[in-house]
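Chain nomenclature is as follows: A, B and C, assigned in order of appearance, with residue numbering initiated at 1 for each chain independently.
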Amino acid sequence: MRAPLLSVEAVTRDFDVSRPWLERVLEGEGRRLLRAVDGVTLEVRHGETLALVGESGCGKSTIARLMVGLDAPSDGRIEFHGQRRQMIFQSPYASLNPRWRVRDIVAEPIRVLRLARKAEVGARVARLLAQVGLAAEDGEKYPHEFSGGQRQRISIARALSGEPDLLICDEPTSALDVSVQAQILNLMADLQSRLSLTYVFISHNLAVVSQIADRVGVMYLGRLVELAPAGELFSHPRHPYTRMLLEAVPRIERTGEPRTPVAGEVPNPLAPPPGCSFHPRCPHADERCRRERPEFVDAVACHGVQEGRISFAR
Amino acid sequence: MTLACVGAALAAPWIAPQDPFNPAALDLNQAFRPPAWLEGGTARYFLGSDDQGRDVLSAILHGARISLGVGLAAVCFALALGVSLGLAAGYCGGWFDALVMRIADVQLSFPAILIALLIDGVARISLPAGAQDAIAVPVLIVAIGLSAWVQYARTVRGSTLVEKEKEYVQAARVIGRRPLAIMLVHVLPNVMGPVLVIGTIQIATAIITEATLSFLGVGLPPTRPSLGTLIRVGNDFLFSGEWWITVFPGVALVSVVLSVNLLGDWLRDALNPKLR
Amino acid sequence: MILQAKELRVEFRTRRGTLVAVDGVSFCVARGEVLGVVGESGAGKSLTGLAVMGLLEPPGRIAAGEVWLEGRRIDALPHAALRALRGRRIGVVFQDPLGSLNPLYTIGAQLEETIRTHLGLAGKELRGRALALLAEVGIPAPQARFQHYPHQFSGGMRQRVVIALALAAEPILLIADEPTTALDVSMQAQIIVLIKRVARERGTAVMLITHDMGVIAETADRVAVMYAGRIVEIGAVRDVLHAPQHPYTAGLMASIPRIAAGAGRSRLAQIEGAMPRLSEIPRGCPFHPRCPKRFERCLGSRPELMPVGASQAACWLHASAIAQR
């Protein structure tokens, strides 16, 4: 079997959020560490779309930055076996330099990475803009002249101009309207098949993920709790948190039905619960869950599932 | 309006009716002549003459030139120093940031005039006497500049900290650009805006600082007066009736400063791509 | 009817001319009913909410139309009267809970101030009412949390506090502008349940503005779909969402990703183009450039809302159907 394009091995990322040195000394406080990513292991296979989902504070954005090389893990290893990786960001407004023209924005990777001769750059930019559904004349304009959806297209063009094998997408459609989102998602799917791209797609929106992902990883408080092929995850979710997430998604099919939402909310990542971090909200938690952190075995990290305590009937 | 002022000041050596700095051209007999439209005035001394027979109009033109020159240069120097330090401090963070900010804090606890005085005084002592007059202007520029860089550094640092987190900077890092390139090419254009506006307002402050220093004797020598010096010197004659010696330089100073401020506003708007 | 808007028109006077952001919008909300106002960005739904509340900032203004609250006309009231009305009879929940709460006061103090101002209670009664409100919106341990500051609450809890504040004066109308957008999915679900309960138990009329169809599906009784400043379809949620009559609504519903077990990767239906800018709204039906079912009439004349089955849609397709009968 071919080696994975990207492998993440037991990666942990801590952030030092201690108060300034002087205040700490005066109050006798120790250092405070925020563990944004906690021992995550997974791999990204050639040609697939791997989605990572979770709510705020689950570490998915941090892991995106780790995967693309913007940040280094505090522990563990990330190995990239491809040539180049690029990233698409969430905010269409902050991801383009407002003082640069679009053609320069899109050309920057080509120039920096020296992927073409000076004379060819203009033609390449025009081709890329056409590929994402924009006109060549749009290169002369500034970002603020475009709508949110168009700006994301420019971001995609910029990422593609770097000729990447792996494209990490951090919530690329979260800031867009539904109809624009559909256009962008379709565009990304087309580009993937045409250019043989591999995507890592970060999102909090399970519905979006169900449309575009091959495999889905669910994260909670920095840990990977479940990782399964998309079809499986959505029809037979195993981890209690995954089930809770799926239950909580507002559904159009459920018009007018009463519902009982799950109680509780995501705890403060600075003080995660001991043992299994989900146990305060889990209907199946027992003594072991409170004490012992579950290992990620057989694509899920849950004592209840591993012991066979939780049934799969839906 | 700015163009008129600046233009006139620059052209001073050619259009002034009299070279006020050439002692030979002075005629003490013509001293204290009132402006042309009052009784006793002549067309030759259009705005009157001062105690040494210098034509006030010429003095204003030359003085404006010097004032503007010194003010502009000092601000440019402060800008260059402040912006680069602020940009680097904001972008790099860590110990460099802490160091620069502490120096800035320390300097802020001293009044600007004192700092300028200090630098100028040190320069005087350490340089040979003959070179002093020639060096006086550059030293003055450096002195005023060094006393003012801190505010630019702070403003730029604050803006840099904000811009640094924005995703277009992250994108540049993903592409693989070096930090220096990112700072200059991406961050700098986006943080310069407020700095330019502050800078143009600061030209006025610089001119006034320079006038104060000159009055105290550590700025420009009295043989090459600036607008500020003229105002100060002419002040003495205000109550003896020769009001024109101080009033006209004063009016000139106000209009120069006003037009420079307007220029700054226009400049900021012109450089904003969103308004094009 | 608690709230009635009739032919509401909101204009912006700019250097380049007058822009019409809301064009002839009419709707009503009954007691205890949740009306969802859904649309994409730029459709004018937030502006409609602001217009109803009288919170439009210049250069925006209500150029035409009427707003009636409980039988009284309120859009033409003087500022002071409208302000008093707004606090007392209309409660508002905005998208960002952090911005809606004053960080310098405890939430208890803010609650009490609102109750005191509008209901005139004091002392023990005041405290009791405030605590009851906190309990009603589902804040656990209200006595303890009474003394807490906004930053000590999580996002979802803060939004509950904001809802409590909005309900403090016993309003007859609650306007919620994207109340769940900034929250996590699990929080969203809880807030949806809360809003439904409030409408049912208190009989408050609710105007829920959002771009999220899923939230509308679960919370609203009736829904109005807005496009380019107009309502293009309005009716019961079940009808509009499952049997949309307007091509835009149909296109919107088709482009929403759904979790269908076992469906896997699929291509989403998409509507070509984008919503027109206010300065470039097409003649005739504003949706016609993007509409797969357009014909001659759509280019020239603008359709008004006309009855189609149990709901109403502004589309010439249905006029021809009626004419043919």
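Following the convention adopted for this analysis, a contact is a pair of C-beta atoms (placed from the backbone, for glycine too) under 8 Å apart; a residue touches a chain by one contact, two chains touch by 3 or more.
In this text, all values refer to a predicted model and were calculated from it rather than measured experimentally.
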Contact graph of the chains (line, ring, star, complete, other): line
Maximum distance between Cα centroids and subunit B occurs for chain C
Counting contacting C-beta pairs, the top-scoring chain pair is A-C
In whole angstrom, the CA-centroid distance of subunit B from subunit C equals 56
Taking each chain's centre as the mean of its CA atoms, subunit A sits from subunit C at a distance in Å of 31
In whole angstrom, the CA-centroid distance of subunit A from subunit B equals 52
Subunit C partner, complex, touching residues on subunit A are 49, 55-56, 147-150, 177-183, 185-186, 189, 204-208, 210-214, 230-231, 234-235, 244-257, 259, 261-266
The residues of subunit C that touch subunit A in their complex are 40-41, 154-157, 184-190, 192-193, 211-215, 217-218, 237-238, 241-242, 251-253, 255-272, 274-275
Counting only contacts in the complex, subunit A reaches subunit B at residues 65, 68-70, 85-87, 89-91, 94-100, 108-109, 112-113, 142, 144, 155, 158, 162
Within the complex, subunit A is touched by subunit B residues 166-168, 170-177, 186, 189-190, 273-274, 276
